[in-house]
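First the structure, then my questions, so here it is.
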Amino acid sequence: MTAYQLPVFIPFTYLAFAVLIPLVGLWKRKLSHPMAVTGSGLAAGLSLYGFAAYVNTGPIHHTFGGWQPPIGIEFVYDGLSAFFLLVINMVAFLVLLHSKPVAAREFRGKRMPFYSVTMLLMLGFNGIVSTGDLFNLYVFLEISSLSSYGLIAIGNRHAPFAAFRYLVLGTIGGSMYLLGLGFLYISTGTLNIIDMAAMLPHFAGKPPVLTGLILMTVGIGIKAALFPMHGWLPDAYTFASSTSSALIAPTGTKVGAYILIRVLLYLFGIESMDAVFKVSSVLGMLAGAGILYGSIMAIAQSELKRMLAYSSVSQIGYIIMGLSLANPAGFVGAVLHVLNHAAMKACLFLVAANLRFREGHSNIRLFNDTYRKKYPWTMACFTVAAVSMVGLPPMAGFFSKWYLVLGTIANANWVLLAVILMSSLLNAVYFFRVLEKVYMKNPDKESPAGEEAVVMNREVKPLMLAPVVILATGIIVIGIMNMSVVSYILKMFPG
Amino acid sequence: MVESFAPLFPVLVSLGAVPLIVASRNKPNLRESWTILAALSKFFLVLNLLPYASQGITVEAKIFEISPGLPLLLRADPFGVYFATVASGLWILTSFYSIGYVRGAPEKKQTRYFSCFAVCLSATMGIAFAGNLLTFILFYEILTLATYPLVIHKENKEAIGAGRQYLIYTLTAGVLLIAGTAIIYSSIGQIDFRAGGILGNSAFPSNMMVWVFLLFLGGVGVKSALMPIHSWLPSAMAAPTPVSALLHAVAVVKSGVFGMIRVVGYVFGTEVMAGFGLNDILITVSGATIILASLMAFSQDNLKRRLAYSTVGHLSYVVLGAALLTPLGMAGGVMHIAAHATMKITLFFCAGAIYVNLHRQNISDLDGIAKVMPFTMASFTIASMGLAGLPPVNGFLSKWYLAMGSLEGHMVVPVLILIVSGVLNVGYFFPIVHRAYFHRGVGLSGHGEASPFMVVPIVITALLSVLLGIFPNLFFGLFDIAGVVSASIFEGVAR
Amino acid sequence: MCDFFLGHYSYWLTMFLLCIGLYGVLMKKNLVKKTIGLTILQSSIILFYVSIAAKWDATVPISDPSRPVTDASNYLNPLPHTLMLTAIVVGVATLGVAFALLMAIFNRYQSLDEQEILDMIE
Amino acid sequence: MRTQYDSLIVLLGARFLSPYIMMFGLYVIFHGHHSPGGGFQGGTLLAASVLLVRVAGGRLVARRQIKEFITTPLAAVGVVIYFATGMTALVAGGSFLDYGHLPFPGINPVLLRYYGILSIEIGVGLAVMSILIMIFDNMAKGEDFV
């Protein structure tokens, strides 16, 4: 395999396995989980290899069918793509590794289609991140969205309804993106990102370009669950099966954020984006409102998964805020937070999955101090991820917030600075509430003195535990070694 | 300046002890010996740095870059070594005392107790040796997190409430500190601690300078229990007594005032403090705190709460010393860190011994206990004399320098505050002594002194207080180092 | 002003259609009607793309001997058409998933009214 | 939709129309590479021909026609054809879907492109047809299809 072929191999590994799983499933249904793990593992390995190749040789362009861009479609494997591919594929690999017992418990009969659709979902995500063509991006966006509707529908009784609402909003979002793209196409006559980026400064501020910009931002904002277009997210993540939410929560909204970064910073660029009015400051305000709204709503939730979902709304706000600041520090904060939040949210959702698997629920009100004895490792990982979410050093979460804070100060945007700081405290409120339940005995229920109920260790099997532990370790390691990531991200700041 | 990894080892040694403590959780004797071993080795590692400190030489360890241009920097300057010596030296005594206390009480979850204790001490060393604000914040937050389990150790309603309050106050403080640091970093591009300050007069416009200072005041002011943000400290007395003793007389609150001197002397610098009228803010706040806290101590019947309010008052002595902006005042403040540590730890140890031995917490129940606990009460008397500022205990010395310092700066009000506060200290401590010696006790027959594990540390700390009062340079030349610290801060201005 | 409206009449028509679609999606309570709204929305965008490909006096982009291929103004732009082919497929797939979900929803709640279902979830 | 209509006219009409639609679908697929048409459109026509009979004839006919369980593998095979063609060109040294690089020695590159596109269209047509049938079947069954 040469470096030239690499950009194709990564997404299409998933396509191959999406097809192979049902074919092999005819013969042996049991094989679908190992195959899905192999597929995502292969893709993760390839992205790692590709990351190294990118660092050594620079961006890789793969033209489809030998047609040179801007006529043909190309896959561009640049710094941002390499980074995002690595993040989402690693997380997907870990989540799928974890999923076997959950799948057997929660949707036994649908495992084969589930894993097949999962592969399609990842194909969509990988395609979005890889492609250098805006319409191709739309197609992959719809592939991933359709798969995620399916994945979310596999869940509890209310899951299909949540999936349907997501479908309605997601389709509107996709259509808005497509419409906006049409306006840009009218203006520039090209669909290639690099080509269009070279032309757009000449058209900046023209009505069709502005319309296109706004429509595309709104469309992607819906997919990325940017406040106030986040309505689909809490229900979808809550009602979906544990594995679906653990897979989609860390990757899905990140890919939405990727499109926003790609379109706003790379395609339009900071100056064209703000040519007519400050689109960036509007985005920043929305992101700030989303951060506060998500955090406050998370405090009000009693279901762990719903709490995490609202927390996602607020964390997406961080990423969007970072990109709206449009300075290097903010950009580093946003992209670093993509990595951090992917690791943290995957870890937290997998903890929720483990608890649901053993306890049958993840209702915070029913948590008690026996969990500490029953699931020592799971809860320890939860603690690490929670502390990181609050943004305390030396966890990863602190550093993305640190760069965001630097970014807001560089723009002298004191309102957003206050928002970040306040949301740290709000995060602390809802995470320490859980930790308090788990690590402390309930003072209202005094157990008879000296008669502690004997609690057995009911920790989940190593297969389910290992991904959680790896992610928790990753959070600490990323935090301490964030310098190498940051210097990498700094290099790809456009302009 | 010497480049060496020597400052790193004291930080790591107790962190390294944590796995050992956890691993030997089923063998209490082995577990405690790990604690003692870690305490002793930490102390000796700190002592290794002392020769450098007394000559005014800084030992610097650049661990690695944690953010572009910002290394994780451990720098053992005289002030840091001074604080580290005090904290690590008193940890040895506290370890012995803890063993007696938790076994005598008897407390549950002792493994968690000892491991969190070890982490706290690591964090304190980190704070002492932090070479820049980011490193300082890192260890400051670790200290917050590691103290939380100790505060809620008893897991009753009161402790959990105190824990929540503690988290709210300290996390808010951490956030303010991060904001202030980020603003300074964005403005002048560096956040190293340097004797004499890094901010020039032109770093910020004048109202901005005040705001930044207020951020820092909030950040370190919470842990140094300035009024009106002190109320977590009396509540945190719900913790076991050794915790109160070490953490709320030595590690946590002293980290706060240590940070205050760092901010005043090493970040803002005396020139800026005076130029923008920031010292007036600080003098007002700390002076008010000294008087109000002493008055509030009168109304407390719970011994530990009375001690807590006394702590609040005495911490402000240190802050006052820093705020005077005179070499003698600064030296007095620095000296009061050690002086108050030895005296207050004696008092807390006494309170703990009385609680374990007689199960009495209220001052009104202490009638006649000097008969059964002569050593304890003798030590108590010595320490209260010291806090009231009576010679020959070391409290007199630091107060003397504070008074000299304020006269040096031609300020009379601080002297008056010191005198009034001395009288008030006598007023709220001597009734206790009076009760213990001259009232007839009830139900004391059959009780003797507490276990030697507890009494020996009490006597040692009391003796230390007296010896340091008579021969200030007897141990490690601490008195001289305080002078060196103060001189370096003011020489930095001259240079 | 008049020119602005008449000159862009195809855009106005597609935007009008888009608004009908959005109205259906947002205001109708019945989930099937919402789905219909979605389809109208997507169709309007397809029409929009097709209309931007149009040129005066141009023919479909299939090589015609009577018109020289070297002159682009002889043939209308084929790219939007091919794009819309894909968009149509996407639309069909969305519709398929939507109906599958609707059937699952109906099986569970015996209703397709959004408000009733929300009440049941509460 | 799974029960048979009693009307003979509907059934016969559907059976009469179906082969013509199918023929037209095949025509569209096989001429897709040099005239308007192609896999999507042809596949849809093929599916229409199958579904017409299915709607009219109900379950009995469906069992004799394309069986329900075969649609998923058929779709997979369609995708495999598409994917394999593209990947062969890629592995043979070209880009993805670069038909000129297909490893069939002795064939004119122009013809190679011709046949390459044809095989892609066949794959797409197969996939589209079977997926449309699959959607119909799942709906007719009254289950969710995921």
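Read from first to last, the chains carry the letters A, B, C and D; within each, the first residue is number 1.
The criterion applied here is as follows: contacts are C-beta pairs under 8 Å (C-beta built on N, C-alpha and C of every residue); 3 or more make two chains touch, one makes a residue touch a chain.
These numbers come from a predicted model, not from an experiment.
Taking the mean of all protein Cα atoms as the centre, the chain whose own Cα mean lies nearest is A. Of the two chain pairs examined here, A-D and C-D, the one linked by more C-beta pairs in contact is A-D.
Once the centre of each chain is set as its mean CA position, chain A and chain D turn out to be 35 Å apart.
If you average the CA atoms of chain C and of chain D, the two centres end up 24 Å from each other.
Distance between chain B and chain C, defined via averaged C-alpha coordinates, is recorded as 70 Å.
Averaged C-alpha coordinates give centres for chain B and chain D that are 78 Å from one another.
Among the residues of chain A, those in touch with two or more other chains are 150, 153, 160. Residue numbers of chain B whose C-beta contacts span two or more other chains: none are found.
Contacts with at least two other chains are made by residues 144, 146 of chain D. Under the contact rule stated at the top, the pairs of chains that touch are A-B, A-C, A-D, C-D. Looking at the complex, you find that chain A touches chain B at residues 387, 390, 392-394, 398-399, 401-403, 405-406, 409-410, 417, 421, 424-425, 428, 432, 436, 439-441, 443-444, 480, 482-483, 486-487, 490. Of all residues in chain A, those touching chain D in their complex are 5, 8, 12, 15-16, 18-20, 22-23, 26, 62-66, 110, 113-114, 117, 150-151, 153-154, 160. Partner chain A is touched in their complex by these residues of chain B: 64-68, 134, 137-138, 141-142, 144-145, 149, 152, 155-157, 160, 163-164, 167-168, 171-172, 174-176, 178-179, 182-183, 185-186.
Listed in rising order, the residues of chain D touching chain C in the complex are 35-36, 40-41, 128, 132, 135, 138-139, 142-146.
Against chain A, in their complex, chain C makes its touches with residues 18, 22, 25, 31, 34-35, 38, 41-42, 45, 48-49, 52, 79-80, 83, 86-87, 90, 93-94, 97-98, 100-102, 104-105, 108-109, 117, 121.
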